[in-house]
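Okay, so here's the structure we're looking at.
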Amino acid sequence: MGAAFRSSTYQKNIMKEGIDTNNSDVKMVAAPPGIEGEGFFATSLDAVIGLARSKSLWPLPFATSCCGIEFMATMASTYDIARFGSERPSFSPRQADMLMVMGTISKKLGPVLRQVYEQMAEPRWVISVGACACSGGVFDTYSVLQGIDKIIPVDVYVPGCPPRPEQIIDGVMKLQELVKNEPLRRRNTPEYKALLASYGITVN
Amino acid sequence: MSQYTPLTKKIEDRYNEEIRLRENEDGSELSILNLGPSHPATHGIFQNVLLMDGERIVDAEQTLGYIHRAFEKIAENRPFYQITPLTDRMNYCSSPINNMGWWLTVEKLLGIEIPKRVQYMRVIVMELSRIADHIICNSILGVDSGAFTGFLHIFQYREKIYEIFEEICGARLTTNMGRMGGFERDWSDAAWAKLDKFMVDFPLAWEEFDRLLTRNRIFMDRCIGTGAISANRAIEYGFTGPNLRAAGVDYDLRVAEPYSSYEDFEFDIPVGTAGDTYDRYMVRQQEVRESLKIIRQALDKMPKEGGYHADVPDYYLPPKQDVYNNMEALIYHFKIVMGEIPVPKGEVYSAVEGGNGELGFYLISDGSRVPFRLHFRRPCFIYYQGFTEMIKGQYLSDAILIMSSMNVIAGELDA
Amino acid sequence: MSLTKEIILEKITAKFGEAVKVDAESLDYTAVVIDAAKAHDLVKYLRDEEGFNFLTDVCGAHFPENDKNAQFAVIYHMHNWVDRFRIRIKSFLNGENPVINTVTDLYLSANWQERETYDFYGIEFKNHPDLRRILNMDEMESFPLRKEFPLEDQGRTDKDDRYFGRLPQTNNLPNNN
Amino acid sequence: MDASQVNYIPVIIQSVFAAGFVALMLFLSHIVGPRRSSKIKDDSFECGIKSYGNARIPFSVKYFIVAILFVLFDVEVIFLYPWAVNFRTLGFVGLYKMFLFMGMLLIGFFYILKKGALDWE
């Protein structure tokens, strides 16, 4: 698929659903919208990069409590998350794409989580797995941070206590959709900078 | 978030004297290494600041409380049946044991007699979750020493145990199983069928897993002789459970203080000799076989009649169709749901043999609907104190193995 | 000689006299209430002479209604493995500055449990090797498990008390998140 | 460009393509990936807490010795490759030469063992 590079238009290109050639349950990933010709296929750089990124999200499993064990089940052979490109979990934020915060984040752990998030390389995404990470969950106590979106911006929330492995994988797939449709210029837009500034993350 | 001086600085100030003194003859100095909160090797969130002499560990300092969720404070604001969801979030690798431990404490306080059949069902559930806990511990010990396939292979059987728990109580991991006096519903035929199927093909898989690791040359070299602790030193540090039995002491609560009719089953307690990582691994391997033996005996000797809960209308929710039809059930239902159950005033301590050791519940009740004070005796929190002594003088890579062989679970550590 | 409740109680009262009282609260094991000053000696006596080789548990409790010098309590659980006999030792402490001496020199397992009790209740353990907070943040001033300390996080902005039937009372506790 | 050099052209094309692909990927990720640096991000990652002190501390010399010895004996293996490829054409003469070469290295190895460079304590 020789892709001729057109200057990436800024507008979000909404991906239309893949065309189901035959109704087999295996759904082939659809090619991004583009011009089909004799022996060539031209599309926007955003779409190609987005598709590539979405299929190779390396997770940083920030697993603290029960959701961490459910993530272990997701990584194991029955609900294999490696089918979605997340084969290699990277525990150092340098090579991680998506920060999966799983489990309770206490106030003592807040600065640690924030440090890990800030040291992740752009483009980075955050999935908050489980009720404790999303909103403090059942622990409305003096020592638990009521939701990690108080200290870091979150892209996908996965409800459940703990969410079933299918739910975690559904969260990853939702994030893949987000990544596929994200324009390359998003990280330099003023809105994104304002979002980070609202969390006190200084961005130069 | 208040800014705090990094812990490594505090430790460095404390060890400054030692660092300056210990100018090694080959010119190397002691260094401070931070095995910090977000680290692949610490399965969970706790921090070790290590004083290292090259590869060897000179001293270690632990920091806990990274997922402290104030269980004991929450337990003081919740009626009795709402505390079970708390207990299964403590040791989430074997949560049904915690639930059953809590129900045994409440039944001891309220003086409820449990029919034999329910006790046998509880024994089956506890032994199943003990197997699940040991599956995680031993397979993660394999992962830490590099044998990833063992984990992938044996973890399917933990999924099968999850399916059995789902049949019984609807949840996989945080089970919230059981009620005061028994179970919320009788076990469906699917649960019994899945249990029988599990009992057929799990022993073979377990022997396979055993053949994979136990006589593996690399695994033996890595585990034998590391992190040894003597028996009386282990008692001194308050070790209980597989870690203590690995050190050579045959203290097992199921035999020392039989509860829930454990005395009807014959099983023996595996005991190690050296108390090192390999012994802890072998004790857990053998304990899984003992648990299978117990489940088989429980399945054979299971009394047919006896229902699935004790006949205590004061504490056990009446079935829904009774509630709509007759008056007493409605009153009982209303009182139980509102938490106005008759609770005597007094203190009770009851302990259960959990996946990691003696899991105790110390309950002070002043007759009101919520416990006045509930303290959890968490085995992980107590025996993790011995970690510093066990890793002194060991290599850093062995310290990782020692930590995962002790099966320290963060949820139970910082409850 | 298998220990029974009467034997052990009579031995303890023989040794400690009136400083010891039987605790009527307990519904299961023998329980003894002892003055704070003598708690360490009782634990030492039980360990050396009576063969209680295992200190199961150390925890604290807060009884705000009790009179002035019995508002806090430290509870030790000990277990004699040979005779399979458990005992509970409770000693009440003053409400203003609860102080008791540590048993870490007798049992190493008491170290962290006493630090946790200090962390939750502010009970001072004299000559404890390293008494500082263990589970909460180091900068936390108040002791959270005391009864007057509210459960919920005070810094919350999203949970409006009016929806939960609680009047938004102005609390005078230091804001400590 | 006589005959013997011509059949090297595919090898050159192959290596150009390989190097080119690597260069292209690096260049692409350089221009596409957003670069963002802040004080905290450039700080060294120490398991989530603020790192303190510098990592350049003098460490024991035995690490360095073992590393250099490894490099030394690893290079020795590289010399074996050309010899192994035309082992048959060299015949016995080549074999003795290689024995001589290996013998000298063995002497070096035993010297190291006796001097105790490899024992770790």
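Letters A, B, C and D mark the chains as written, and numbering starts fresh at 1 in each.
Here, a residue touches a chain if its C-beta (ideal position, glycine included) is under 8 Å from a C-beta of that chain, and two chains touch if they have at least 3 such contacts.
Keep in mind that what you see is a predicted model, and the values were worked out from it rather than measured.
Q: Strictly by the touch rule at the top, which chains does subunit C share as contacts with subunit D?
A: Both-contact set = A, B.
Q: Count the touching C-beta pairs: is A-C or A-D ahead?
A: By number of C-beta pairs in contact, A-D is the larger.
Q: Quick one: subunit A and subunit C, Cα centre-to-centre, how many Å?
A: Computed from C-alpha means, the inter-chain centre distance equals 46 Å.
Q: Express in whole angstrom the distance between the two chain centres, defined as the mean CA positions of subunit A and subunit D.
A: Centre-to-centre distance between subunit A and subunit D: 36 Å.
Q: What whole-number Å value describes the gap between the mean CA coordinates of subunit B and subunit C?
A: 24
Q: What is the distance in Å between the mean C-alpha positions of subunit A and subunit B?
A: It comes to 33 Å between the two C-alpha centres.
Q: Listing for subunit A: what residues touch at least two other chains?
A: As it turns out, subunit A has residues touching two or more other chains at 107-108, 111-113, 116, 141-144.
Q: Multi-chain contacts in subunit B: which residues touch at least two other chains?
A: Residues 4, 36-39, 65, 68, 70, 73-74, 414.
Q: Send over the residues of subunit C in touch with two or more other chains.
A: In subunit C, the residues touching two or more other chains are 135-137, 144, 149, 151.
Q: Who touches whom among the chains?
A: In this structure, the chains touch in these pairs: A-B, A-C, A-D, B-C, B-D.
Q: So in the complex, the part of subunit B that touches subunit D is made up of which residues?
A: Where subunit B meets subunit D, its residues are 6-9, 12, 24, 26-29, 31-32, 34-39, 47, 54.
Q: Show which residues of subunit A lie in contact with subunit C when the two form their complex.
A: 107-108, 136, 140-144, 146
Q: Over in the complex, which subunit D residues touch subunit A? Could you list them?
A: For this pair, the touching residues of subunit D are 32-41, 43, 45, 47-50.
Q: If we count contacts the way the header does, which residues on subunit A are in touch with subunit B in the complex?
A: 62-66, 68-70, 72-73, 76-78, 89, 91, 103-114, 116, 138-139, 141-144, 151, 161-162, 164
Q: Any idea which subunit D residues touch subunit B in the complex?
A: Those residues of subunit D that touch subunit B are 46-53, 57-63.
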